[in-house]
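Just below sit the structures, each encoded as structure tokens.
Common to both upcoming complexes is chain A, partnered first by chain B, then by chain C.
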Partner chain A sequence: MSLVASSAAAWTAPVIDYHALAPEIVLAVGLSVVLLVDLFTAERNKWLLSVLTGFTLLGATLPVLTLAIHDDSVRSLFEGRYVVDEFSLVMKGLFLLAGYVIVLLSSAYVEEGDYWRGEYWFLLLTSLLGMVMMSSSRDLVSVFVALEFLSIPAYMLAAWRKRDLRSNEAGVKYFLLGVFASAVMLYGMSLLYGVANSTLLVDIGESIDLDGDFAAVQALAVVFVVVGFAFKVSAVPFHTWAPDTYEGAPTPVTAFLSVASKAAGFIALVVVLLTAFPAGRDVWQPFVWVLSALTMTIGNVFALRQTNLVRMIAYSSVSQGGFVLMPLAVAGGAAGDAALRAVVVYLVVYAATNLGMFGVILAVSRKTRSSDIASLGGLFSYAPALGVLLTIFLASLAGIPPLGGWIGKFAAFQALLTDATPWAYVLAVIGAVNSVIAFGYYGNVMREVWMRPVPHGDNTPIVTPSSLQIALGITAVATLVLGILPGVVLHFGDIANLVGAFGG
Partner chain B sequence: MSVGESGVSEFLRSYLTVGWFGIAAVVLAGLLLWVASLVRPSRPGHEKLLTYESGVDPVGEGWSQSQVRYYIFALLFVVFDVEAVFIFPWATQLERYGTFGLVEMGVFVFVLLLGLVYAWRKGVLRWV
Partner chain C sequence: MQMIRDNNWVLSVGTFLPMLGVIALLVTPKANEAAIKMVALLTSVATVIIGIFTLVNFDFDQAGAMQFVAQTDWIPVIKSTYFIGVDGISLPLYLLSMVVTLLVVIYSLDHIPSPGNPKAFFILMLILQTGMAGTFIAQDLILFFVFFELVLLPMYFMIGVWGGEQRQYASLKFFLYTMFGSALMLVAFLAIFFKTGAESFAIPYLVENGGGIAKNVQVWIFAGMFIGFAVKVPMFPFHTWLPDAHTQAPTQGSVILAAILLKLGTYGFVRIAIPTLPDAAIEWAPWIGGLAVVGIIYGAFGCLAQTDMKRLIAFSSVAHMGFVMLGISTLTSFGVNAAVFGMVAHGLITGMLFFIAGSVKERYHTLEIAKLGGMLTQVPRLGWILGLCSMASLGLPGLAGFWGEFPAILSAYNPADGLNVSVYRTYMVIAALGTVFAAAYLLWLYQRTAFGTPKGHDHHDVHDVTTYEWVAWLPLLVAIVAFGVVPNLLFGVIDPAVQETLRAFGG
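Take a look at the complex of A and B:
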């Protein structure tokens, strides 16, 4: 009774920093508007929705910019449960811009399919709102809510082509494994709460020391939480849903899942590892090491055997995830700052390149109606621009120097070499070998584009809608600029300080 | 650590109690059923072998299909149920949370109403 009485007297309304929450508020208002406009407009005016979605995303980018320019960079809301720091701002910017490119990629696709257009844009915005929230969440509850917020619309988007069996399969597999991962993670989180008596990540960081009576429970909790996120980022051996989901889902949704959804999983993983488990590194570093080595290698080996382009990209994106995990395997030690920077840089570069890759796939499949690698035969001869762009994106994914992907790989290897332990060197060697293997399947696609004959001699040119052209332009420029002027992206990595990381 | 020296053993011992309870429950139930099977006469009949469904005669198979349209009612029920679950405790403390609470609840109800408006415009409130 006394507890109730004392808390009843003490309640005061929380002070809310509306400037810090402005991106989320803009997105929330925008998605409500998109839903209502969809319900009350005639079918012929539904093109409005993609425009509204695009403007909502650009509108939400404005407060991210003003927050970044504003001098007092760290804004902590709700007693540190929701923090707007440089790290979160960089990631929010990445999600919103990636979201905008996905809007450009999907508008033609959505207009031409006879499916539920309003729901598509609404679900896309909802999922992006979850990702933006994830960047700032610093509490077990808000991390979990943000994770479900971004996942549940994504399950539905994967099954968006309702009358297509493969799309249904994609949605069901993604959903079942996703909720299974959530359950495992929740179990780990419940153990964490039991040990730390707090849901605030920084408080948990002070309690998790792998020492004393609860060392075993702490280790178990750390492993369960990492396993939960490993599903989200499709790290081997938790990757089995990824190829089927990526192949079956509508192609713009696949781009969304493989870039934005994956990046959100990595951010959550980084935030939890660095703020909640800095002293638990003896458990998660070896675990992430094994995940990273397996993810790179198995993703690559399976990608080598694929004949379907989207499936190959799915395995390639699994393998790219291994390269993002690589610096995290040493993130608890002396190389912590370099590792955090490497993850941010890799995610930015990977987003630009992979979105461009899907842009080309979408443009080509408008003509070929196929996603076989063989259908790209002789692409350069009848669509030289697309052929060159595809080559640029493939080379960037493979990590060839003047392009963006190279700087991502460079940062990741640099983090490992900064750590300078035998295990870090071994992982660097595994990574280097995998970079070479990866060139096998990327090069195979390039050979189709440049050297193979056109299937059936069908030389009709490809008509690319203007939205797709803009998306290809943005991603190609980003991929080139990030590679030629690495200072730009390394600068983002440098300013991306994660408040409260490393127990500080 | 707040628990003291023998934290792990206490922690595990409390789970041991759960284990003992489980074993006791299985043994006790098994024992009772076994004793009952020894003493009772065995006269199976049609009525006795029917599946018990609260006194009503069971109809059809165990895998019978139900009308898919009912899931809409389940979803809409959740909308209103969640609304009630949150509005009720807020209403008892209305004055304490003041304007801030009122605005927050307004936002919450608006979001739930979006779900209802969606259902209405999609025509699922009509029983065809």
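Take a look at the complex of A and C:
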């Protein structure tokens, strides 16, 4: 009680750096406006909402840019609990742009459904706000709040098609497992607080000592927190919600979950591992090693067997998650910087590619009304542009140069070989073999597109709405540029002073 | 290694010109086939003109030096640069890739395989050209890797869309094998990068510093590269994708595969694996030589068992690449000279044989040897060309094939220091036996298809060599004879570069 009282007496209003918080503020204002406008617009004018959402996201990107070019590269708020550094700016930029592409992907889809459009845009913006907050959170409490902020709207989005049983299943499954994961993580966090007497990640990092008195408790706490994040990033064996949720959720929401939501989970994981647990690396490095190997392999093997396109993508995205985990398995040692860079690069490239692929799928399913892989048969013959785009995205996911994906895999391998321990080499070889297996299913889709006949000989062309065309254009250009001139993205990923930045 | 930086735009233009053609093709309407063919033809002619310019400006007195070197930042964060250049080893292969592409384009003007769509076909072919040419000029491992992989997808689609009955199976098999190899190769590239101090991916740098890596580490890194290159060559036992891919690919795909793509693997050994990891090369060489002679004999027996002409030619590639690898495995300049000559010769001869197979298929609608016969009476010119190429392929002196095969066998008599002489002499004897088998299967093939009387009388459209075919084939035929009569045309260019490459082995 005395502790509470004394800190209450000493309380003074924190100095708030409004420039640093501008992206969050723009988003918060934007989502309130969307909600209000939705209340007072007639049904035929609801298209305004998607435009508003898009502008909000672009508007929030502006302060990210001004912060990035500002000399003062690290801004630490609330005693280091909320940090705006280059790393967080890159991730904010990624979330906002990915969010914008998702708006482009969804607008036709949402307009053509008869559901609650206002809520869709509102929930999307809310979840993105959570992700933007996550990029800056450097405290157990703010990490957890940001995580729930981004997750809860996502649960609702997954179940957004209210009259569709599958969509309900998707939402409920995602919700139940997500909440379970949160609970496990919270338990771990409470143990950490007990050990460190602080929620600040840097303080926790200083008080973890696996040779000390509370080694077992600390190890348990580390494992619990990692397990909690493993659910969020659908790492095997905590991935079981992903295929059902991805399949049942509306397709643009699936795109959102598999790209943005997943990236947010990884960001949180990276920040926690690198700032709070460097001393605990003997616990989590082997754990992440196993998770990574399992995730890559099992995700791939299951993806090979899918006949439903979205389920295949779900498993493929599980497997891609394994590649993101790969550098983290050595992140505690000398390879820390390389690992961090690899994760950032991989997430950026993966976002561009995967969103593009969902764009093609959305365009094609407007005609075929099916999500079977076989429904893509002969796509190249009647819609060559979409066929070629899909090929580009699939080849990028498979990691074939000169398309974006290869640089992500390359960076991951590079991190492992920087570490240069036998275990790192073994994981690199597992990764190499898995990237070949992955071509089995990516190639299968390509084969369908290029070499198989059109089902039912239905050669009617596909009408792609202009918003979708723009989204495809952005993602395709990004995929190509990132692959041919990877220096662009590697530069973003090259944030050597991440860990050092937190002290202030 | 000496670097000559004059005219350093030449190689970039020559390599990326086909991409301009790709862009032009993309905006050409699909229905306008004449325009599409014209764009493809003009692009490849322009590429060859740049190639001739390269040849004319190449300083033959310094063929051992890197020439037309260009170096600029590409991915500074990982210390990879856009670093290109050619020496006497790359130049013949670089030019071969340009010429073969042009000839294949000419051939395609008249022979677009089913299901048509020349636009997509030519686009893929031009992308392939960029990848092939780029691989031969890259002097940076990452750049090499990107170009090396760039050829995968176009070839996958070329086989998978325009190929024969089993095309989907063959194309996927081709892809998975190659990708498996290159994934491990990439890991090996990264390993050598870090083991040399994480300074640079430039091949000349790695050649200088790779020898300093501990021997047991070198052996492991070499293993990764070995798998990557050996799949591409292909060496026994990684060859099983080749007969399927060759047999199912359209004629154009087979020609490019045989003439150029297989050389990417052997070139990788000569340019990267052996000079950068000399100690490992000594350790691995006897095994490579062993697999090479197994490949020679296995390929020959495979040929004898084939009933399909195209498949027979495909298996003969396994045998011929065995000779090339045997030459490389001696680690002597004599052997490597023979190997590089063999690469070019095999490209010319086997490329030509696949052209002939395509034309036979078009005329007789079958490649089954038992159903062919009497070509010399029915289509005498085609028959004689087949005869010439078969003789060249079996290594008849006076034709190009001889200079790849005979010196390779001879070089095994006296391998580099540190290699077991008696093992290599055994290899020599086995390889020499292989030439006898080669004569057997090629003569047998020729006898069954060209001699005798024509079988089946319903071939109304059987006609002799057409103009397009003459234009596409003559340059190859002339080269086969010219290099056969004056081998020094090629050896003179190759030798200084080989000497330079093998410095670590004392010549």
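Assume the second predicted complex is superposed on the first by the 484 of 504 C-alpha atoms of A that agree within 3 Å, B and C clash if a C-alpha of one lies under 4 Å from a C-alpha of the other, contacts with A are read in each partner's own complex, and residues count from 1 in each chain.
Assume a contact is a pair of C-beta atoms (placed from the backbone, for glycine too) under 8 Å apart; a residue touches a chain by one contact, two chains touch by 3 or more.
Quick caveat: nothing in here was measured; it's all calculated off a predicted structure.
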item: Simultaneous placement of chain C and chain B on chain A, clash or fit; value: fit
item: Chain B versus chain C as contact partner of A:P286, first or second or both or neither; value: neither
item: Contacts of A:P453 with chain B and chain C, given as first, second, both or neither; value: neither
item: Touched partner set for A:P461, first chain B, second chain C, both or neither; value: neither
item: Touched partner set for A:L39, first chain B, second chain C, both or neither; value: first
item: Contacts of A:P402 with chain B and chain C, given as first, second, both or neither; value: second
item: Residue contacts with chain A in the superposition, chain B compared against chain C; value: C
item: Touched partner set for A:A216, first chain B, second chain C, both or neither; value: first
item: Partner chain in contact with A:P237 - chain B first, chain C second, else both or neither; value: neither
item: Closest Cα approach, chain C to chain B, once both complexes are overlaid on chain A (Å); value: 40
item: Chain A residues contacted in one complex by chain B, in the other by chain C; value: none
item: Complex interface listing, chain C residues touching chain A; value: 30, 73-78, 120, 142, 145-146, 149-150, 152-153, 156-157, 160-161, 167-168, 171-172, 175-176, 179-180, 183-184, 186-187, 190-191, 193-194, 198
item: Contacting residues of chain A [partner chain B, same complex]; value: 8, 11, 13-14, 32, 35-36, 39-40, 212-214, 216-217
item: Partner chain C, residues of chain A touching it in the complex; value: 341, 380, 384, 391, 395, 398, 400-402, 406, 410-411, 413-414, 417-418, 420, 425, 428-429, 432-433, 435-436, 439-440, 443, 446-447, 450-451, 485-487, 490-491, 493-494
item: Touch list for chain B against partner chain A, complex; value: 1, 3, 7-8, 11, 93, 96-98, 100-101, 110-111, 114, 117-118, 121-122
